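By letter and in written order, the chains are A, B, C, D and E; residue numbering begins at 1 in each of them.
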Amino acid sequence: MPTITIDGKELTVEKGKTIIQAADEAGIDIPRYCYHPGLSIVGQCRICLVEVEKMPKLQVACYTPVMDGMVVHTQSERARKGRKDVLEFLLVNHPIDCPVCDQAGECFLQDYYMKFGLYDSKMLEDKNKKSKAVPIGKHIVLDSERCILCTRCIRFCDEVSKTNELGIFHRGDHAELLPYPGKTVDNPYSVNVVDICPVGALTEKDFRFRTRVWYLDETNSVCTGCSTGCNIEVHTNKKREYKNEGRRVTRLKPRFNKDVNEYWICDEGRYSFTYVDAADRLGVVMKRVKGELQESTWAEVMPEVLTALQSAKENNKRIAVLGSPKMTNEDLFALKKFASQTLGVSQMPVTVLPKEKPFSDDFLIREDKNPNTKGAGYLGYDTDHKATRKLLDDCASGGVELLIIFHHDLEAGFETELVKSALSGAKTVVFVGSNANTTSARATYILPSCTYVEKEGTFTNFAGRVQKINRAIEPLGDSLPEWTIIRNLSRKIGKALAYFEAEDVFKDLTKNTAAFSGMSYSAIGDGGLVAEENGKLKQGDAKAAAQKTETATA
Amino acid sequence: MNVHDKYKPLTWWEKTYLPAIISGVLLTFGHFRRNMVNHIKKAIGMKPKVSGAVTFQYPEVRRPFWPRLRTLHRLVRREDGSPRCVGCMMCETVCPAHCIYIVAEERPENQIEKQPRIFDIDLGKCIFCGYCVEACPEDAIRMDTGIVEISAYTRNDMMIRRDQLLSLEPKKEYYTERPDLEGKPVL
Amino acid sequence: MADFIVGAVEYLSKFIFFIIAVLVISPVLTWVERKQSAVMQDRIGANRAEILGLRMLGLFHALADSLKLFTKEYFVPKGADRLIFHLAPCISIFFAVMGFAVIPHADTLIISGQPVEMQIVNLNIGLLYFFAVLGMAVYGVVLGAWASNNNYALLGGLRASAQMISYEVSIGISLVGIILVYQSVDLMEITRAQGDLLFGFLPKWGIFLQPLAFFIFMAAGIAETKRIPFDAPEGESEIVGYFIEYSGMGFGMYFLTDFLETILIACLTVTFFLGGWQAPFIDGWILQTFSDSTFLGIFQLNNFILTIVQFLAFVFKVCLVIFMMMTIRWTLPRFRYDQIMNLGWKMLLPLSLFNIVVTAIIVYFIG
Amino acid sequence: MSKNGKILTPLIENDCNLLENYKKFKGYEAAKKALKMSQDEVIEEVQKSNLRGLGGAGFPTGRKWAFIPKNSQKPVYLVINCDESEPGTFKDKYIVSSATHVLIEGIIIASYAIGAHTCYIYIRGEYVEPARRIEAAIKEAYDAGILGKKVLGTDFNLDVYVHRGAGAYICGEETALLNSLEGKKGWPRMKPPFPAIEGLFRCPTIVNNVETIAYVPPIIQNGPKWFADMGTERSGGMRFYGISGNVNKPGIYELPVGTPLREMIYEHAGGIPGGKALKCVVPGGVSAPPLRPDEIDVPMDPDALAKIGTMIGSAGIIVMDEDTNLVEMLMASIRFYHHESCAQCTPCREGTGWLDKILQRMLSGGARERDIDDLYEIGDSIFGNTICPLGDSAGMVAKGYIDKFRGEFEAYLSKSIAAKSANSPELKKAS
Amino acid sequence: MSFELTKESKLVIDELLTRYPNKRAAALPVLHVVQKQHGYIPAEAEPLVAEILEVPPVKIREVLMFYTLFLQKEIGKNHLQVCRSVSCWLRGADRIIKQINEKLGIHDGETTSDKQFTLTEVECLGDCEHAPMMQLNDDYIGDLTAEKVDEIIGKKGQ
């Protein structure tokens, strides 16, 4: 393990690491354009120049491996001058069109200009003209003039998505980043190139001109597009809502988690937030009056639902509950507790498999498009598709009086006939969900629930990693988190659940479910913890969890 | 620590405030006396050397605008009549009163990709600080219309919209010298 | 019975005369304030309101103002205590008006051989009455502020009460010197006592006998009216005050109170320190020059003329004091709140105590 | 060995691209001799000869060979760099087209020494005829049993291939050449690892210049001391000097290392046409900073030139007479770099283009007061901040001309500005 | 327009592929072969070459556009590549270029309308001793003078 000194700070670094990696670990900021920790190192942008003692030239921090006894200066006169020069060169042909550039605010050129540049331009000459605002894919717009040829996107397409769409053509200052003629950047991970583009050369069509990035609020969350559970940041525009135009989530950005998604996210997941403000979003409580669904209120509907529950219970008619793997661990636990303690329901299926097998690959996109199937399994739900079919069969044969369905669009997974007969078989159908579908259209009561950006909770991904979601925006209309709806029901019937926050549910959950024992919100933190079927945390994780809890409480 | 510590401490006599009050009152009273005499002189038909007041009789007499005066905003147009504004939202960002509302849109022409679809200024909130003019990288917003009488019956009417802003013209007649003060005050 | 009727007529006529006078003078004062400040500041001042082309130097503005205030919506904020909200301005103006009851305007007028005190009520404890009334004024402010259900108003009200209570102490103690010197708490008596001459040429006015008390009284008095430089409670343009939620005549009453208090303080200043209705040097001359023959059947000529002169002297002095107070208002900037408190408690209060001690010693030795 | 002590010139003059001609000069005797020696001995001999790389960088050849890891599991490659694109350099063309067999013999010796069984000759794409000749010579050698399996009857196998470039100066840089050889863009690689450790196809690779390899057979033949004695203390032997520009007899001259520059210009190259005065000399290809007339007494060896702030490079001497406009000269040089910059590193990619634009503007009458300083500063900023030396060269050239001939530049500038203000009355009035 | 490799070209390419340990390395020689067959390298050839070399087509295009000798569009029968670099410039390359400009009416990168000549200004061709010089198709012609240029154009233009 070589020991090196960066800016007077002594560090012991793993052999084979480069200076910039060592500096990153120590929290010393060295500027970079071409270097990206998730990609190979090319060392061509030259902005990361640092002064290394006993080396005649400035060295690129991203490529120079650490050697024992190395003394590095990142802020020396020479290093700053070198960086400033490189920056000046980068801006020679870069259009200064920050006003129309969506990258402004998160642009490395701007940041480093303010940090190291601040020179008066010597440039009098005309800038080279290249193609501007060319759509190069379903989601991406390319502005070649702004490109600084750092090749991050090219390396992404070569190394991560392995689709090789992009290349740098010509040479010298006429070199231009372009996709291969006739090819578009439409791989399942394409928009990541926008994230890694340090300047505004690659921008997102969907986000284009929507707002300026400095208006955005960020909330850490987890993608619900599939069971991978990629870590994301939800960007919302709370201070200037008129810019939202009916769409409260501005964009999703991947968040680094070395155990799950590293730096990336698939396009499907990136645009999976659209259902939050989709046209079919349920925002009001509804009930069926004379065969028509009408808007209602919680105050009106809750007693009616309670009465239905009560009468079904007293008449010893069956109550059936179909949970959903789209619900958080908290929702599922509260539901399970309520259903088994108060309603006496024992069989609780959750899974509805779609008729067609969805797209999946071996990187991030998984076949199971639900974020929490694993968690439902841990919590004692029956994750078998057949169990759901059995429940529907029961309903169809009239063995169920009251059916509570969460989220599911049953027609997506079952024959329309079966669904129809099942839903008409039950006297009362309560649909709890965030978006309308064919099932909700046939329900007796519709109780609107929050989407994942409107509530707190945890999801358990396919590998058993429990990860936290946070509330980014206020719930739409009357919608409530599912656990709140269940708790409100439980207050009037049977044993009341004494939950006030999602965290209360989780505390109860960790006490009662072996797989989650020892966890807490503070221990889960941003990275998540792995739950194990046999009930114990992994050795390393348990220690980490204990430490995290300690530091959190301290 | 009090900011006044850096000044020299007041003497006992000064601490009573009396000298300051007296000198202040003498000054204002001096003005009162001088102006009153002039007013009376005028009232009884004598012609005073100077007028007792320096006020302009608005709205009959209007005070000329100084070039630096900040009046109602306008959006500058390009030669083809489209807004010069590119919707960068710098003004919106810098506005201390949060009175500018911009929503951008794609501009059909590719070279300048962006333009504002909505550009509203809430004059009810605006404090006429002129930061938006300073911040604009395109010199697209200016406060030189010479319109100072801004009033409306409802809050909504205080919103000035993009097309209104674009339709405004700069006021050209500026006075660069101090205008004549020998106006005729009406008592 | 007849005595009672005569007494009732006497009080009633005095009261009506006085009420009309005060309520007319207050709007006029608003005009005075505008015009005076305009002249001081090289402006013209309000001059736009006109009736049939007549502008009257802007005098109609007072009329326009009151019309406006009368016709404006009287808005009661959500959550306000409605009763107190309505009551508070009334309390405020009520006590301001009440204060005038004991102000002597002239010496006794003899009508049909019947002496009539030129004072609405001749209380032998007039000074204490005045303290009591003044002390009640703060209720109007505090209740209005509290009833508005507005934090800013409440804060303004708190500032106002703190300030008024602080300065009332100084006012009270500064007047103890006057009591010591004139040996009375009856305002008529105090005024009469100021008729003598000191050293043969100087009227025995409070300002000469109690110069320190005069300054203290003036400062504290201005503070009592909550006017610049002591306008921390309301501060029209910058810090919203206790009547922020009031509109229409509710605001109008507070506004009127302001001016009534100004007049009141001016009247008191004149009564205590400037010889009240005394018109020195010419009163004797009038008595000697005019005979005591009957005039208009019921008046005694010299007494009548003297009373008129005394009344005019009183009015003249009050105007002078008001003019001074307004000059100060348009000259000085506002005190900071801590400065107001410092001045009240650390300057005026010790000074007024010191004044009592010195006065007492002098009175003890001189007799 | 022949008259005048020249080594390769006689071979070139006698068309040694044909095996029969080369045989007359004891062809392939040295290879046979070397193949009998051990690998280390060969390297030792070359090291002793003080043979330094003649392509530009001047790194001692023997030492380079010694870097090859012994007993490497991976195959070792020898790559001959014949991508001769530096303006003012044209020596390799002669060697590959007319002394081809001595090159092949050198390849055999070098390959044997480093344990390579495959050799690629990377020849620039424009050299169509030389490429054809060398292909023919290789075929001849294969047919004669000199190449292929069992070289010259020994157990040593060697395949030699010609690989044509396609027009990129940057591919003369060894790592860019390797990338180009691998079928990629000619973008230089970051070092370390050096090619000797990880080069072509990630295997140990030696990249040598044509001329360097061509001198190996005579060294083996005549012993290292003979060669070392001809040159200076630290760089042995002879080398080709290509003289071009304003001289009477432009061409290549094989002379001992350390021959004074003046002698070359005025004696070997026959002086300047029309008896004009000398203004400026570029001693080592366009990348070398220029020399003033008072500096040309310098001996042409790497160390002496380095001492006065320039370099011998590929020894392409360009002579300029008194009529030359140095601003235009600098423009021509910078235009070259602008055209050839590979677009990898920022300073070189943008800097060369910027320099070119400034110079073009200066020459089209738009000169400004500060242009000279700008040029110098930009050159300085490019220098030392790039992966490969192309950026350094561009920076060095811009700096070099301005350092040495600032007066010339200033004179041009004032003349140009005066002309401009004379042409525009407004400007005249304003100033 | 589709592009097919001729049988001869295929044979040459097969031989070329044996020279290198991986196929990609043969990119330059293969492209040379394509260019020799077709006169230039059409866009349609890129996927074909990419397939032979087992690399993504974009990499072939990158290579193609990086090297100046690979042509992407059809050029005239006679490709005049006039050196403009330092040594040639010193001895009057400008004059030669200007002469061709005037004589044929074409500038850098342009082709005459009769598809006879294409002029390209190139950097050093390594024939500095014969400056000023040009490359006419594969051949170097040095020591150019105005008369010599006229002669070349006249001879080839017929």
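Just so it is clear, contacts are C-beta pairs under 8 Å (C-beta built on N, C-alpha and C of every residue); 3 or more make two chains touch, one makes a residue touch a chain.
Remember, predicted model here, so these are calculated numbers, not experimental data.
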Chain labels contacting chain B and also chain C: none
Reference chain E; chain at largest CA-centroid distance: C
Innermost chain, where centres are averages of C-alpha coordinates: A
Distance from the mean Cα position of chain E to that of chain B, given in whole angstrom: 69
Distance between the centres, which are taken as Cα means, of chain D and chain C, whole angstrom: 106
For chain B paired with chain D, centre-to-centre distance based on mean C-alpha positions, whole Å: 71
Rounded Å distance, chain D centre to chain E centre (Cα mean): 23
Multi-chain contact sites of chain C, meaning residues that touch two or more partners: none
Residues of chain B touching at least two other chains: none
Per-residue overlap in chain A, given as positions that touch at least 2 other chains: 168, 170-171
In contact (per the touch rule at the top): chain pairs: A-B, A-D, A-E, B-C, D-E
Chain E-touching residues of chain D, taken from the complex the two chains share: 75, 84-90, 92-93, 124-129, 159, 161, 163-169, 180-186, 201, 242-246, 250-252, 282, 286, 316, 318, 320, 324, 328-329, 332-333, 335-336, 339-340, 342
Sites on chain E touched by chain D in the complex: 19, 21-22, 24-29, 31-32, 53, 55, 59, 62-63, 66-70, 84-87, 89-91, 122-131, 135, 138-140
Complex contact set, residues of chain D against chain A: 168, 185, 187, 190, 192, 338-347, 349-354, 357-358, 361, 368, 370, 374, 377-378, 381-382, 384-387
Residue ranges of chain C in contact with chain B within the complex: 36, 38-44, 47, 57, 215, 327-328, 330-332, 343, 347
Parts of chain A lying in touch with chain E, wherever the complex brings them together: 164-171, 179-181, 183
